[in-house]
Amino acid sequence: MKTLLQNREVLLAVLIVVLALMVGLVTHDFLLPSNLLAVYNDTSILIILALGQMLVILTRCIDLSVAANLALTGMVVAMLNSAYPEVAVPLLVLAGALLGLILGMINGVLVWKLGIPAIVVTLGTMSIYRGIVFLLSDGAWVNAHEMSGAFVSIPRTELLGIPVLAWVSVIVIAVMVHFTRQRRLGREIYAAGNNPTAAFYTGIQVGRLQFVAFSISGLLAGLCGYLWVSRYAVAYVDVAAGFELQVIAACVIGGVSIMGGIGTVQGCVLGALFLGVINNALPVIGVSPFWQMAISGAVIVIAVIANAKSERKTGRIILKKAALQSH
Amino acid sequence: DSVRIGLVVKALGIGFFEAANEGAQEAAKELGDAEVIYTGPTSTTAEGQIEVINSLIAQKVDAIAVSANDTDALVPILKKAQQRGIKVVSWDSGVAPEGRQVHLNPSSNSLIGEMNVKLADEALQATGSEKGDIAILSATPTSTNQNIWIEEMKKVLPQYPQLNLVATVYGDDLADKSYRETVGLLKSHPNLKVIVAPTSVGIVAAAQAVQDQGRIGEVFVTGLGLPSELAGHVDSGAVKSFAIWNPIDLGYAATMISYNLVKGESSDSAIGMGRIGTATLDAEGSAAMAEPFVYNASNVHAFADIF
Amino acid sequence: MSESHSLFSLRGVSKSFPGVKALDQVRLDLYPGQVTALIGENGAGKSTLVKTMTGIYQPDAGELRFGGELISLDTPEAARSLGITAIHQETVLFDELSVTENIFAGHYLTRARSGRLDWPLMHARAQQILQDIEAPIDPKTPLKFLSIGQRHMVAIARALSFEARVVILDEPTAALSHHEIEELYGIVRRLKQAGCAIMFISHKFDEIFAIADRYTVFRDGCYVADGKMEEVDEAQLVTLMVGRTVEQVYPKVEAAIGEPVLQVRNLRHPTEFDAISFDLHQGEILGFYGLVGAGRTELMQALFGVSSGVQGEVEIGQQAVTIRSPADAIKAGIVYVPEERQAQGVVLELPIYQNIGLPQLSTINANGVLSDKAEYALADGYARRLQVKAPDWREKVGNLSGGNQQKVVIGKWLATKPKVIILDEPTKGIDIGSKAAVHAFMCELVQEGLAVIMVSSELPEVMGMSDRMIVMHEGLMVSEFKRDEFSAERIVSAATGG
Amino acid sequence: MEKIMHKPLLPRVSLSYRLLSWEFFLLLITAAVFVINSLASPYFLDPWNLSDASFNFVEKAIVALPVAMLIISREIDLSIASIIALASVAMGFVAQTGAGSPLIMLAGLGVGLLCGLINGLLVTRFQIPSIVVTIGTMSLFRGISYILLGDTVMKDYPQDFAYFGQGYVYAMFSFEFVLFLVLALVFYGLLHKTNFGRRTYAIGNNPTAAFYSGINVARHRLILFVLVGLVCGLAAVLLTSRLGSTRPTIALGWELSIITMVVLGGVNIMGGSGTIAGVFIAVFLMGLVTFGLGLINVPGIVMSIIIGGMLIGVIATPVLLKKFRNRKPAP
């Protein structure tokens, strides 16, 4: 039975390979290692955010504010850099991650302490965070020449032939694998999402774990704030607008159950890569730009149907089971 | 009573329009009895602009000067504004003639098209090639002015046989998408020499992508952008030269035109633009402000601090 | 015994929910090395007390002493750190996680230095505990692949994975087979020997007399009595519990058996059951007996149109019917009182009268427009007849006790005037008072010409109530007994595949 | 107090009492906003201005009505704005053939209905959570609009077509606004006074028990999706008529403001509770806040901060009050 679960990820991996091969038929350069690396590099931010989002979804929540969080931290980091170019970039990255953490914690506290559904909380904070970007920057951009050389160049510096940006995502993946398998907190997140009542009975505080998940998601969004702004060498209010849906789509394609408790790091990464390959392939194979949105929509729908089919339990109709344990 | 003019932009938080507002405020100060209300929606949608225009109508402003997100969708609401006695001017990005009295083009569209092609030709020469492929990176497929300019460019292109237009792609005015589209162009057209991006978001992202792909010197980015946003990329060498009209002057002129319309100081064929001079209106009520100005390493930093 | 000897004692403990005083100044003592049975009708407050003792609920008033010390249990964690562990009435476990993880969730074992989880150790420990309770379950299997009985064993294993000093068992046997119940008794005895204080909640007196040393009786949230088991008999306990005497447990009344109303021919399902054929006659109570996981629930759900992939013929009153959904079944005159009351039977947030009216809204309000009056009138008749205990039929069903919720479900179905009513474990977790009422009610139903199918895992109940009995084993009908052929031995041997 | 987490938003008081107080609470805030607005701007208390302002939210409000029902039944639809776009594109094509307004309208409604049907079938046939399905169809439907229209615009609508989005029924009462009032009444009846509405609540509270009670849960939800699609088609008619033209970007980002309206109206996003009256008041609350802020020229993005804060604040207030009240009589 375990192999069934693994199969889904294998299936996705196979799908990605087939997709890449098909693109390779049209443009041979697509399959060059250097290009594949570039595709991975381009998907790094999506991967990192999707992993944060996965934790949140595991606890039966959703974080719609990641993109706004990224925009806000990115803007703050960029403004700091342009105002104080002498401050070391790692310190700025830290500041961004911390700010992201705080923004995530705000979401988490509202969910934990006030019990407001996550979708409502993050629907609200998503507008608030992005609004604050506007207030802070007064609508102005921070442009490439206002950023210090190191600020812009660090993510593209190559270590062992691989850009730092890609390395960061590799490290995040490794940490997440460890966290979700080997750490008490990580396992408790699964337990809390799988059955909140049971978790409570076993002394696991569901709300606190939701808080933890939001905090991590916020922290990663803060990290991505820097990565994004330096990658595109520009910060403005609309940075990453609408990106939260891509992030959620990556999780969903990767088999993370929106009902909580189910999902793996590898699935999530594959989901993000799948979108990454599509995003990078469509412009290359010269698909009309007007087709791109419909294609990615169709892909999401198909992936989700495929997931649902492989997840379907045999024999019984199992409707959504309400958490109706007596008190 | 002072003349109240609503200056409606495509969206707040875009450097170009912030600069235009500066010009508008300058005009208001110069006029003495004018007040400019600078406003716009959160994102570049027609519905958002309609909301904003609705509230300007409610405030009974004397004139509305709008850079439209949609040529047609704003027509009904602007007609209503006119019915309520409000003068309507469109500037930068126009509204269909039924919806406004005057349209102020930053420059003539054909001139902009020509300028872009000329810049591309210069960039091609800078690569040292005689002939080469060029591509266009636009904003959203629906942006009015971008589409008009691209059309104008295509009209001029036959005069430049050395330029071979291979693709037109759309970055939707999103940094990440524009970046990815540029990378796609570089990959799928190995002989590409020039990318023309007549959009300020696109040109920045394209320049960054060219730099990241290590193609500086082989491929140049040009088009329309702001000196402040492109100074860094001129320094890096990804951009040799680019053009833009002065957004401050544009905001200034749009305000002056609105004021003069309210005061009734205009004829069917001409309308004053203050210090800029007098605009000549064509049969459809459009005017052009000035020629786009070209920026390169010699002057970009001087202007980067202004807009 | 004096209070000083008790390990865990509660005094004056009260707990209210909006509108219900679940516990009113109750007292309880648990002694080391002894099993105390907590006895009371449905809604007497037993489970609420369990949750108060394990830190899930905070009492409104009263004091808790552990080993003589005054304590407060603010979180489930606090209770566990004292060695208080419980197996709750509704098994609450994690479907998606492995058996090992279900056992160790919340108190994972970690490697000392790195703080990493020690999976090999946990698997080994889980294996050990499962072996000790003779539950042959692979600790690495995800819980979702286990049967209900196996899940219960996992819950027990979980309780045993702690250094327990107080073990609370809230109706642990409801889902267990005979064999597993025997195992459980063995575990309880071992725990006793180890000096644990044990609290045992059950509605089955044979069990209580088999393993309890002491008893405490609650009635309607109040403490009534306690004492040693040797000093009471069943009748006395029942009187204490319900405040009156209950004469007969199985009021079987012979009704005239008429024409067959339901005929099932070769009903089969790809994974759950096969070759099911039987007739059900008017005025008949047909019992279905089997161990947990024998496939009875699946079969009943198939008859009710819940399952997909079912093949075979079903006739109602000589008319072939196709049942693809509960709506079809209800239309054909088959209704089903499900085993999982709260998940499948009632809508907890809706009031009693709306729950009762739900299946036949289109009959009550033919034009599609709601009429509260008509709905209330309909509900009133059945709720009264079933003696649902509630201040008003506008009360939310979620605020009722389990037994009363069950009555609402039965009422809901009777209101549809069915031909066949299927009762799946109708008295599971229901106290003896309500149980007798349900049994009496079944007799009334058959006398009115209904046909009843009763699924039950309690042999005395099936034997006491049925006119005929079908025994299932592993998805197959293994034998059929007429009432005069009933013999516990033969039935059990058939059920266990003998 | 008990610390069970899974149903945090439902204090254990009777359903009707709770909802009554929620609406009262909303009504109070709305009244307050009304007063503040009339003090803040001299232009506010002008019937024509108010009528003009209503155009800003009425189309969204109309869609909010069926979406409220859908959310009560534990589903959600994120593709609503994209359905509006696709329906509008369809109308554009029909208009191009020279067809009259009725036919154009029919095309909009039909495409809306079809989109709703697709969502509904995907959700019910494959048993996929609707949030996931509709994230996909959100891109799909709008993507199809892009494929069909590209960078062109459709504006060959007949003269009389303008009535739907620009006409007035009587004095300053616009057709849109009157239609909204009528639909609000219709949906009030549907949700609160019919079998269908009762079933919606039952499904939202416990879909399994509802199914076991003979309710065809899948069909019911399918109908709700279709209803949402149909009303999106209607909104597309209104919006297209108001704009007089169609582009694929039409109604961009509306899904979130519509869902915000519904949630602000007290509909539990987890399903099972909420009223049309609450949504009705919330619509005006949001409309008044944005219009009031617009009159004093507050930038739209600052408004969105305020709306976001209001959403959280309004939902949090009852919870906070309850916490506060419970803390006082400490034993």
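By written order: A, B, C and D. Residues from 1 in each chain.
Here is the rule we go by: contacts are C-beta pairs under 8 Å (C-beta built on N, C-alpha and C of every residue); 3 or more make two chains touch, one makes a residue touch a chain.
As the structure is a computational prediction, the values presented were derived from the model and not from experiment.
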Q. Which chain's centre, taken as the mean of its Cα atoms, is farthest from the centre of chain D?
A. C
Q.
Measuring centre to centre with CA averages, how many angstrom lie between chain B and chain C?
A. 73
Q | Whole-Å separation of chain centres (CA-atom averages), chain C against chain D | A | 43
Q. If you average the Cα atoms of chain B and of chain D to get two centres, how far apart are those centres in Å?
A. 36
Q: Please list all residues of chain D that touch 2 or more other chains.
A: 2-4, 146, 150, 205-206, 208, 211, 299, 301, 304
Q: Would you please write down the residue numbers of chain A that are in contact with two or more other chains?
A: 134, 197, 200, 237, 290, 321-322, 324, 327
Q: Mind pulling the residue numbers of chain C that touch at least two other chains?
A: 17, 56-57, 306, 343, 348
Q: Could you please write down every pair of chains that are in touch?
A: A-B, A-C, A-D, B-D, C-D
Q | chain A - residues contacting chain D, complex | A | 62, 110, 114-117, 119-121, 123-128, 130-132, 134-135, 196-197, 200, 206-207, 237, 245, 248-249, 252, 258-259, 288, 290-298, 300-301, 304-305, 307-309, 312, 319-324, 327
Q | chain A-facing residues of chain B, complex | A | 11-15, 18, 43, 141, 167, 169-170, 174-176, 179-181, 183-185, 187-188, 204-205, 207-208, 212, 228-233, 235-236, 304
Q: Could you please specify the touching residues of chain B with respect to chain D in the complex?
A: 12-13, 37, 39-43, 45-48, 50-52, 54-55, 57-60, 70-73, 75-76, 80, 140-142, 147
Q.
If we count contacts the way the header does, which residues on chain D are in touch with chain A in the complex?
A. 2-9, 74, 122, 126-129, 131-133, 135-144, 146-147, 150, 205-208, 211, 217, 256, 259-260, 263, 268-270, 299, 301-302, 304-305, 307-309, 311-312, 315-316, 319-320
Q. Any idea which chain C residues touch chain D in the complex?
A. 17-19, 56-58, 60-61, 304, 306, 325-327, 329-330, 336, 338, 343-351, 354, 358-362, 365, 368-370, 394, 396, 399, 412
